[in-house]
Structures are given as C-alpha cells and as structure tokens.
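Report on the following structure.
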Amino acid sequence: MENVRCDGRRYDELRKVTITRDFTKYAEGSVLIEIGDTKVICTASVDDKVPPFRKGTGEGWVTAEYDMLPRSTASRNTRDRNNLKISGRSNEIQRLIGRSLRSVVDFKTLGERTIIIDCDVIQADGGTRTAAITGGFVALMDACSYLVNANIIPEIPIRDFVAAVSVGYVDDRELLDLCYYEDSRATVDMNVVMTSNGQLIEVQATGEESPFDRKVLEKLLDLAEKGINELVAIQKQVLLSKD
Amino acid sequence: MENVRCDGRRYDELRKVTITRDFTKYAEGSVLIEIGDTKVICTASVDDKVPPFRKGTGEGWVTAEYDMLPRSTASRNTRDRNNLKISGRSNEIQRLIGRSLRSVVDFKTLGERTIIIDCDVIQADGGTRTAAITGGFVALMDACSYLVNANIIPEIPIRDFVAAVSVGYVDDRELLDLCYYEDSRATVDMNVVMTSNGQLIEVQATGEESPFDRKVLEKLLDLAEKGINELVAIQKQVLLSKD
Amino acid sequence: MENVRCDGRRYDELRKVTITRDFTKYAEGSVLIEIGDTKVICTASVDDKVPPFRKGTGEGWVTAEYDMLPRSTASRNTRDRNNLKISGRSNEIQRLIGRSLRSVVDFKTLGERTIIIDCDVIQADGGTRTAAITGGFVALMDACSYLVNANIIPEIPIRDFVAAVSVGYVDDRELLDLCYYEDSRATVDMNVVMTSNGQLIEVQATGEESPFDRKVLEKLLDLAEKGINELVAIQKQVLLSKD
Amino acid sequence: MENVRCDGRRYDELRKVTITRDFTKYAEGSVLIEIGDTKVICTASVDDKVPPFRKGTGEGWVTAEYDMLPRSTASRNTRDRNNLKISGRSNEIQRLIGRSLRSVVDFKTLGERTIIIDCDVIQADGGTRTAAITGGFVALMDACSYLVNANIIPEIPIRDFVAAVSVGYVDDRELLDLCYYEDSRATVDMNVVMTSNGQLIEVQATGEESPFDRKVLEKLLDLAEKGINELVAIQKQVLLSKD
Amino acid sequence: MENVRCDGRRYDELRKVTITRDFTKYAEGSVLIEIGDTKVICTASVDDKVPPFRKGTGEGWVTAEYDMLPRSTASRNTRDRNNLKISGRSNEIQRLIGRSLRSVVDFKTLGERTIIIDCDVIQADGGTRTAAITGGFVALMDACSYLVNANIIPEIPIRDFVAAVSVGYVDDRELLDLCYYEDSRATVDMNVVMTSNGQLIEVQATGEESPFDRKVLEKLLDLAEKGINELVAIQKQVLLSKD
Amino acid sequence: MENVRCDGRRYDELRKVTITRDFTKYAEGSVLIEIGDTKVICTASVDDKVPPFRKGTGEGWVTAEYDMLPRSTASRNTRDRNNLKISGRSNEIQRLIGRSLRSVVDFKTLGERTIIIDCDVIQADGGTRTAAITGGFVALMDACSYLVNANIIPEIPIRDFVAAVSVGYVDDRELLDLCYYEDSRATVDMNVVMTSNGQLIEVQATGEESPFDRKVLEKLLDLAEKGINELVAIQKQVLLSKD
C-alpha cells in the first residue's frame, strides 16, 4: 500500500519530537515541546494556595490552563479576553490536561499546595492538546524536583510517566499522530492518554460526521500505545539529561 | 457474587426509563426523560437561521445547550448567569450532545435551518449527559416529524437512532448506568454514544484518580452496547406510539 | 354581556390551579405550580450563610431567583448566561418575589440563615411572576417545616399566607388572572400580592401604551382580592394534605 | 397634630422644585431637576436608529437609562461597570422611566427614530426615580421641540404631560414626596406616575417589611395626585419660559 | 501674527477656570471644575480599606475613577456598563489621575486608608483629563482637611500642589489649553502634570498621525509650565477662601 | 564613577538585542525580539476588514494587542480571560503600540485592510512595551512585504523606521534600557518612541512617587535618542538579511 501521509511518514510513525527544558527562566518548570510543527510552551508554577475543597486536608492539587496565541493558526483567532469568556474548546482541553496529570500524582506527598500547568500554543499543526499533556508532564516533573531540591517535599510525588497522542481514521487507514491536514480529513478522531506501562488514563474517540466500528477503536488504541511508549522514552531521556 | 448496587439492580441492568413526549406545548419537539431519579427536559426548537459557516450551503445544523436547575442536585448550584459565564462542565456536555446528534443527521435534507436541542436537568442522579442525548434524540425526531408534516422538508433527515449510557468500574466490578452514588465511587467513568446497530459515535473514558487496564475498557464497551440496545428499543417504542 | 375570554372563563374566574409538593427530591421545599398552561418549578433551599448586611444580627434572609427555560415560550429565548448577564425583566421579577415573601417572615425566628426560592418557568402562558410568588410561598413553608422538624428552629417563622395574581383591563373589561393572549391585549396590566386577610404587600399597575382611570384601579383591586382569597384557600388545602 | 417631617414641611407639601433647562450644551434636551437635595441630570438624545422590533414600522421609540454617580449617596457606591453588569435596581428604575414616558408619546408622529433619556443622579436624597421621570419629561419635550424646529417632524408628538412623585406611610401618617430619611423609615413606599389630568400611568406600592391596608393605598393616591398636579404646573411654567 | 484660536484667546492663554467647592453634600471633598465648556465633577471619598499590597503597612493609598456622562459629548456614548467593561480610554485616564495625585501624598501621615477621587465629566470640550487632575487635587485637599478637622490625622498629608494642562501643536503653532476643536486638529497632543514649583510629575506627548521635532516638545513644555503656574494660583485662591 | 548597573553595562548601553524573523509559520509577519531577558513574540496578521470609521474611505488601519503569558513574570499572573476583562495595563500598552506604529503608515497605499500586531510576552525583564514596538515594527514591515510580493499593494506603505526604548533615573543617574530590577528602583520612568531620524512619536515620562526636574527629562531624551538609533540600525540589518 502506498504511503498516505502528507509528510511521507509511515502510518504508525510519530512526527519529530523535541522537548526543551528551562525554556523560560521564572517558572519552577518550563518546557517547550515541539511535535512536528506543533509548538507548545508548558510551564509549571507552584502556588501555596489550594482550591476550597482541599483546604485543611493536607493534600495538594494540580490544575491546567490552555490557550493559543492568536496567530498560532492559519487564520487569526480572537483572544478569549476580548470575548469576555474562555472558549468552550479551551475549557474542555484544559480540563482534560488537568485530569490526566492528576491521575499519577500522590497528593499527600505533594502537600497542601497547587501546581498550575500553563499550556500556551505558539504554533498549531494538530495534536496541541496531547502535546500539552506530554510536555506538561515534563514541566510538572521539574516543578516537583524544584520542591524536592528546596527541601519543601521529601520526594517526587509522581507515581508514573504520562504521555498522550492523537490517532485517527483517515482515508480508510488508522494513523498515528495526525497533523492538522490529516486531522481535518479524519472520520474518526481519538485522543489517548496513557502511563509508561500501558495503563489507560483517558480515551476520547469521536466519529466526525458518522459512526464507526469498534474494530477501528481497537486498532487505534494499538497505534496510540505504540506512540505513547515512544513519547515516554523521549520524556525519560530528556529528564535524565540534567538534575 | 453478591449484588453490589445500591438499588438492587444487576450489574448489567438499566434503571427504569420513562420517556414522555409533548411534555411542554410550544417546542417542535418536547420530551421529559426519566432514568431512575435523573430527570431531564429535552426540547427541540426549529430556527430559520444557521451558523455563519453554513450560510448559503443549503445545509442545516443541529446544536445543543445543557443546563441544570440550581436545586437539581443535593447542594444548590449558582446559576451560570450569576457567574457571567457558562460553566466548563456544561460547555463540555453540550458540545458532546450536539456532536453526537449531528453524526446521524442528513443536513442536505434538513435544509438551511438549525434545530436547537435544549437539555435542562430538573433532577440529577448520575448520567444526566447520556440521558440528555437519549432524550434529545427523541425530541429531535419529533421536530423533524413536525417539519415533514408541515411540508417543509420531504422526509425525516435522520439516518439512524442514537442513544447513550454511562458505564463505570466500581469496587472491582463493571457496572451499567451508574447512579450518582455509584458514579462518585467509580475508578473508571465512561460515557458511550452508539447507533442502533452498534456503531460507535463517541467514547469518553476517564480514570478517576488512577489509570486502568485496557481489558476494563473492553468489558465496559460490552456493557454499554447492551444498555444502548435497550435504550434504542425504548426510543422506538415511544416514537411508534403516536404519529 | 357575552363572555370575552379565550377559554370561556367568567371575567372573575381563575384558571385551574394545581400545586404539587415534593416535586423534586433534593430541595428542602419543592413545588410545581400549574395555573392554566403556566407551569413553574419553585424550590426552597436552606443556606447557612446570610448576606453581609445580616451578619452577626441573628436574623435571617429570604431571596429569590427567577428564570425561564429557553423554550417555555412560543419563540425560543436566549439563555441569560449566553448574554453574560441577567435580563432586566428577570431581575425585576425576582426582586418582586423576594420582597413579597420577605414581608411575612419573622427573621429573628428564622435565625441567621438564608432561604433561596428558585422559580424556574417551564411553560409560560401569562402570570408567571404571580404563579412564582404563590408557589414559592408553599415551597418556603415546606422549607420552614423542614427546619422545624429538624429542630433547627422552634416554630414556623411565617406570619401570614401570601399569594399573588395578575389582573388587567382588556377590551373595556376588568379581568382576573390573564392568560398570555389576554395579557398581550390588555391596556392596563396589574400584579397584586396580598396576605390571607386582604392586606396588600405589593401593587404594580402599568398603563400599557396609554394612561388609565383610578376607577379601573379600584375594580382591578377588587378582582385581585377575590382571586387571592381563592389562591390562599388552595395553598392551605395543599399544605394540610401532609405534615 | 404636630409636624412629623424632618424639614418642617406639611405632610402634603412638596420639597422645593427647580428645573433648569439647557443644563449642558450638546444634548437635544438637557435638564437639571432639583427636588430638595435630590439632583438629577436628565438629557434627551435623538438617535436615527430604532430597536429591531420597530424597524420598517415607521414608528419611533423612547427609552431611558438611569445611573447614580458613585458619591451621590452618603456612602460611596461601586460603579456598575466595575461589577461588569448593571445593578438590578438601576435596571428596574430605567425600565419604569422608559415605560412611563412612552405612554404619552405618539410614535407615528415621532417617526422611525429613538429618543434616549439619560438620567444621572448627582445627589440623592430620596425620590430619584420620580424626579428622573418629571425632569426626563421636560428633556423629552425639548428634544421634540428641537425636531419640530429643525423641520424633521411636523408637531410635538406628546399627548399629555407626565410627572411622578413618591409617597409613603411613615409613623402612621401618609406623607408626600419623601426625603431619604423619611423613606428609610416608611412602612409603605409608593411611586405614582400620572398625567396632567389625573390619569394613572404607573402605580408601584410596596409594603416594606409588612403588609398594609387598602385604605392607606387610597390616601396615598390622593396625596400623589395633589403633588403631581403641582409638578405638572411647574413643568408647564418652565417650558413656557422659552421657545 | 493673527490669532489662530476659535475663541479669540492668545496662544498662551488658559480658558476661563472656575472651581466650585462643596458642589455635592455627601463627599468629604466635592468640586465642580469648569475650564471653558469642559465641566467635571470631582469628589473625594475616604474609605477605611486599603488595597491588599498596603495592608498592615500603616500607609494609605489614593486612587481615581474617571467616566463621562453619555451625552457629555456631541454624539452620545454608550455607557461602559452596557459594554460589560471599562473603556480603554477611561482606564488609561484614571490610572494617570491616580498616579499624578499619589506623587505628592505622604502616605505615612495619611495612615492606612484610601481616598478615592471620582471624576465624572458632565460636559466635554477638550482637556477633561487635565481638568480632572486639577479639580481632583482640590477635592483631595478638602478630604484631607476633613480628616484633620475630625482629628483622624494630625496634618494635611500633601507635600505640594498639583495641576495639569493640555498643550498642542496646531497649524504650526504651539497652543496652551486646547478646546476640542483645536485638539482634533493638533498634530502633537501633550498632557503635562506639574507641581507648584515647576517639577514634572507626568509628561505624555503623542504625535498624532506623524512624528514631531524635539524643539516642539521644548516649547510645549514652556507653555505648559506657564499654564500650570496659573492653575495652581487659582487652586490656592479657591482653597484659601474657606477653612 | 563606578558602574551602577546590575549586569555591568555602561549607563548608556543597550542590552543584547536579537530579532528573529519568521519565528512562527502562519503569520504574514512573525518576529521574536529578545532584549536581554525580555522576550516578545510579535506577529503581524493581515485582515480584509477595517474598523467602522474606515469603511468606504479606501484607507487601512493598524492596531495592536498586547498580552503576557501567565508565567512570563517572577510570580504568576491570572489570565485576563479569567477576570472577564482586559487589564488596564495591557490596554494602555496596546493602545501605545498601535498609535506608535500608525504614525509612520501611509494608509492610502495600504488600502482598506487592517494589519493586527499581536505582541505576546513570553519572558519579561523590563521594557516589554518598547520591545513590542521595536519588534512589532519589523513584523509590520514583513507583512507589508508580503502584500507587495503578492501584488496586493504597489509598495511598502511605511514612511520611516520606528523603535522605542525605556530610560529612567535610578540612584541619581540617568540609565538607558532598564531591566526589571533597575525599573523597580527608578524614580523617573520614561518610554520614548522615535523614528530613524530622531523625530519623536511618543514620550511618556512618569515621576514614580515623586516629581522630577525638567533637566532630567532632557538627559533622558538624549539617552533615548542614542538607544533608538542603535535599535533602528539593528532593525535595518535584520530586514536586509532576507527578501
């Protein structure tokens, strides 16, 4: 079968992934993640406050915010602040990022503080939300290392690695890591968040315009697992390179 | 194995489902759906306008809005209007409802008009979003019948039945159709939207607080398929009873 | 004189009134009031907090919120939350409801807590604000009974019954309890709130498009008194049926 | 009976009323009305646009906006714009002002244009809404004269004079034109809008904290009629003084 | 050289300045400042609270709010509250007013309280922001006198007089105190805030549509200094007239 | 005299300046400007629409938006969208950027279209607004080149180069190009925008906490002129390197 992808990749191949730590200087964790032409700045900020439902529990919290620069996309988007509200899409994505990262955090060890993961897309070419999770995890790890090194907490309160990838069904073919062009033609669009040992954290599969077979779901899950294993390997390599 | 459910149901049993058509008098489609103690008013309103991206295409649109009455829950919620914004949760849910129903609509036959599905929860006991989809589908069908009977469109522009159900992993057991008490204890929470012939429209699975095995995902999908088949049977029976 | 009303009622006759208590299961008071085709869900929620001006006074507060489901009316209304503000009409109505109910509450006996009356119109056919007051009063009574039964307060802190009705001048005739069709043709529109012994709580009379004689005001007040006496009788009967 | 009023007035006496026309230079009508220490700037602005429901009807519209300067009162109020919404009280008042003035306007003669009455309170000592109506009417007249003088409309499209006054029941006595101190002690608070020949436009009576007798309503209406007759006389005198 | 100004003034002449103290009765300082046809009400309100960054420091704060009545200008402006936000222009101006007045306040002597300067333009004919500063300073002085007279603070916590004026380059000529007509034709627009002894507090110079020479800046500063000296003389005279 | 600057620079020395063109791939102009540790992404987007006041005039418009990533600063800032409004500071800055760039644009040649300059600070260490102007100018030039190369406009509609720099009075010394640490200690803070030939576009000088001598203003203007000459030289070099 001939190659169906715009950039010559195999159907089960990730785009080039680059994770740059210490991208900006103030945040406790600061990462630039580049997956193909998708570029997201992920910073992790430690805050001494916790949400009301955590107060007095001794347990911490992790939350996320997601936004796109106005011209991160082909046509310019209005800033949310000008609309006097956060867009439904951004809200949905930042809830997903927060939920995904929280699933591996030991909140007792973290103690009564919040780590805020800010994910700001500076260039979008598909898969920004999964890039934000994968990069946000590295920023979260760095913020935790900062807390350990500063003797604020005794050990890294993270139980497992977390990464995410998009997969989809395009032109009767399951594909890994869709760029924007592929994503816009996909009839099934799916985002998967997993741990390093193949455990699922979140699966979101959507039939764009039409329903789909469960068999497709299965094949897409296989592809996602392969991609996430590779992403976790990159996370581990990057995190080993310093500290 | 002993029964684990609060209301004595089997693990693969739906709660009692009641769908009342013509619940209010003005809307083109108006349904009260009751699933156990969860009660949602779903109305379908025909609007002659379409969103900007549909103008001049000859194709229509279906969209949804979701809200909860302040005291539909155990403790009272502030109205969104008082916060000057729509809650993230409501936004996410109404996007899901709209996407799910759109996947079976033939927009050319519908013509350049919008059907708005309003889903207002008057009592919440788990599964409000899936009840909204299942009930909203019936309201949508009624609004389409109205358009056909009024000779505005030639035939019902719906390709298949759509229903939705929540499933979850609670106390090491896969359960169908979670009530609020079960949902709050679930370690995996999953919402599935399907057509009458077992095709998937949307799958959203979340590991609450911890990751989960892919095997659990498979068993939950089996349960969901069983439940959705039963829900579609009820939809068909209700829709046959008149018109 | 021939009958002028759309539904064959006499000029001084109320529409059919049904008050259903315990309509939803969570609220301390929950009522569905139906007056003709007008249907309003009124819930009363007890909150331990009071507004700033009551703090430390030992006295409580009663407040109300009013809203309409988007398709409670012939043409669909946009939700307030989408306009990022509460509509002027809703605001005015909920201030009226709160003021009316507060006029018979003994706030010292209620103690430093707030009862919130949520009035959500699910079907509107004229007189929604007066139905909300009449039904809201029953929900308020039930919430007070709850507090007494739970030994939180020593006795029902309500000094008198409160009900409300709309009257109007239509086609040179004073009419009691206007339906929407009558209301839209009225040249004088008036809402009256009274106690069980004919004391006035609130009178709001408006000359729609043109001024009116004081004699009309007098006749409308007579009609309102008759209607409110009947409504209070229904409230009493409904409240006696349980507790 | 001894005099009960703080400033020595008789119970049926208005405070000193001064109406200054052409108060500011840009508006088509601009009035400063002073009633005792209550001071309101009322301007009337002609706008070529009409609300959507008037478009193409050939008929015009009159609307009003009401606001208070932050330090028009004893303690400073936050500006509405800082709360990102208009206050419920201001909204209610400006709806009343618009409704009252519209009741005497011949919209066909006015033609398809809007006159906006801006009422800004610079000093508040009770009765600001009724002062706004009384002063706003003069500004409306001046804007209409401007339109006639500019040959835009053939004649003044106003059918009758409109004025308003507050009355109340204070210390077992009916009083005309309450100052703030009297208003704060009133058990019945009532605003009345009338035409020059004693026709009613709007009656809003509220039992503050407790219900009241219909006899009190009658006496208050008598007082209001006396006061409004005097206010209309002042309006006529002021409008005759120029043009 | 012939006179270039619309009202016959010399190029270095201020318009007529009138400062009326005690303009309204509630505020601790209340001033109406009239500069030609520009009229601004400036009130100073004492508040016992301070912003978070001042809490516990023993030092006070001065802040300002600026707004225009809708018809203070030739064409009517929408109120900020209707746009659900404060306009960028008003925000910029009120930040300037606050900054300018703070520069001469001894916050230790003022003690932990805030003085809020409300500047509301009732008629605008150029130079409203500088009029607000000049008038706001007098209101601030009066509020400080109030605090001294009430034995709340030991002495006036103001180190120097502050006034402001606009200057501009119009038709190749530097002009002092621009009216709106001149301002709209200026190619350089500059606002200067100074103390009584010629010290600068704020300089804001803008080349409208085109850049300008530094020599022009120098001449405009000379003009501004002359005008501000005259304004301070008026402030001193007005403040001496009472207290 | 010993060196007073934190990073060993001379008092009249700029920090290291790097301007990277084509920083992101979608915008018609995209620049990363780095001045010391201050980093701002400036994109220029061409929009076919113009503001209402330009419609039908044949002339274009240039506008700017300014924002900071939440963790571009030492402590995290809340996003404007969460406050449901744009911050006063951002608003003031983006108005300055737009005004500064517009002063050299030939709007007739640009034709009836808008160029939007988005300035997003990813790391802030003083001078972000002046960096945004200097970098935004390069992005604007690139967007104009795009329009010329696409034969949409005949020639670059820019009359002169524009750059900006901050200067200040710190510890009795005038300094060029303040970093955040210097800025926070400055008693005079001044931003200057100039063209390549020393013409002024905007001067904003503020005495922080205390007034200042006009001599200081003069020396700061000299310093700013020197810095801006160097910045324009860098702009020219960068723009020559391609196209």
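Brief remarks on what is shown
Each chain gets a letter, A, B, C, D, E and F, in the order it is written, and its residues are counted from 1.
We adopt the following convention: a contact is a pair of C-beta atoms (placed from the backbone, for glycine too) under 8 Å apart; a residue touches a chain by one contact, two chains touch by 3 or more.
Being a predicted model, the structure only gives us computed values, none of them experimental.
Fewest steps needed to get from subunit A to subunit C, stepping only to touching chains, is 2. When the partners of subunit D are compared with those of subunit E, no chain appears in both lists. Among the remaining chains, those touching subunit B as well as subunit F are A.
The interface at D-E recurs elsewhere; of E-F, A-B or B-C, the pair that shares more than half of its residue-numbered contact pairs is B-C. The pairing of subunit B with subunit C is characterised as same-residue: of all residue numbers used at this interface, over half are used by both copies. The mean-CA centres of subunit D and subunit F are about 51 angstrom from one another, to the nearest whole unit. Centre-to-centre spacing of subunit C and subunit D amounts to 28 Å, using the average Cα coordinate of each chain.
For the pair subunit B and subunit E, the distance between mean C-alpha positions equals 59 Å. Multi-chain contact residues of subunit E, defined as those touching 2 or more other chains: 84-86. Viewed as a contact network, the protein chains form a single closed ring in which every chain touches exactly two others.
Beginning the circuit at subunit A and passing next to subunit B, one meets the chains as A, B, C, D, E, F, using touch as defined. Residues 24-27, 30, 37, 39, 41, 43, 45, 47, 65, 67, 69-74, 76, 79-86, 116, 118, 120, 122-123 of subunit B are the ones that touch subunit C when the two sit in their complex.
Of all residues in subunit A, those touching subunit B in their complex are 84-86, 88, 91-92, 95, 99, 102-104, 160, 194-195, 198-214, 217, 221.
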